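Sharing a structure with you now.
A, B and C label the chains in the order they appear, each numbered from 1.
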Amino acid sequence: MKTEAVRIARVYLTEADHQLNDIMQYLHDNESISGATAYRGVEGYGLSGKMHDSSLIDLSFDLPITVEFFDESNNVLMVIKHLKEHFNVSQTISWLAEQHQ
Amino acid sequence: MKTEAVRIARVYLTEADHQLNDIMQYLHDNESISGATAYRGVEGYGLSGKMHDSSLIDLSFDLPITVEFFDESNNVLMVIKHLKEHFNVSQTISWLAEQHQ
Amino acid sequence: MKTEAVRIARVYLTEADHQLNDIMQYLHDNESISGATAYRGVEGYGLSGKMHDSSLIDLSFDLPITVEFFDESNNVLMVIKHLKEHFNVSQTISWLAEQHQ
């Protein structure tokens, strides 16, 4: 099993940002990131300290959204830098991992 | 791009635990964790070996829930210790990452 | 607080694969993995470059699914190898973490 070093990036958004589609399209079209996945949280709070939850299902439009993608480490660091320049991204973290091919 | 070392914690719960709101409130109020996100899985099994799934959508109330937060490494380890003292938390994992500011 | 080294695995699928239940059952029955969680993304794209999203809620059946589990590092690497032999798994990544008991 061949293994390659990669870096996983996670970008924190909220549904109220309305930035998800633009960021996905940007990763795909402008950065040639070969895969990305967005997850919606069921509850969360962020820098504002405000709780975001879905207790009123379908009435809450400000749930946390996290976008994750991975690639060669230096490329991921460059893409994170670009995302911060082009979008209103508050929190971004990343960590090293291995891809198994 | 300034980068800081952080530790990401992940706490495993299930919906049937009914502990999610208390834990989120605890992280926010008692531990000054600046952000936390809860995700609901669509299927899972844990220490009990019992499968939790959502095949009967809206009828299943025991889906897996994971809570994630990150902060300075030693602080996260202390918070995990406190969570284990105050709540019925079975599984907790953590790993090192970097925050990009 | 006792801490053990573990490796977290993440396997990328899509709903259209219809492999989720078989993989969960396989991890539980054949590999003795003590816990696994599956998450459904709200949007994503993969090797095909095709966007998968849920903009037509309940009409989209090709959303991204990620399965995560953790165990002792060598065991996880062996299970990933087996999953690639038995299932049509495109992308698999893993990273080191710590379990807090």
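Note that a contact is a pair of C-beta atoms (placed from the backbone, for glycine too) under 8 Å apart; a residue touches a chain by one contact, two chains touch by 3 or more.
Please read these numbers as outputs of a predicted model, since none were measured by experiment.
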Rigid-body rotation angle, subunit C and subunit A, from Cα fit (steps of 5°): 120
Copy pair subunit B, subunit C: interface residue numbering same or different (half cut): different
Length of the line joining the C-alpha centres of subunit B and subunit C, rounded to whole Å: 18
Contacts with 2+ other chains: residues of subunit C: 39, 95
Subunit B - residues contacting subunit A, complex: 1, 6, 8, 20-21, 24, 28, 34-40, 65, 70, 95-100
Residue ranges of subunit C in contact with subunit A within the complex: 12, 39, 41-47, 49, 51, 53, 64, 66, 77, 80-81, 84, 91-95
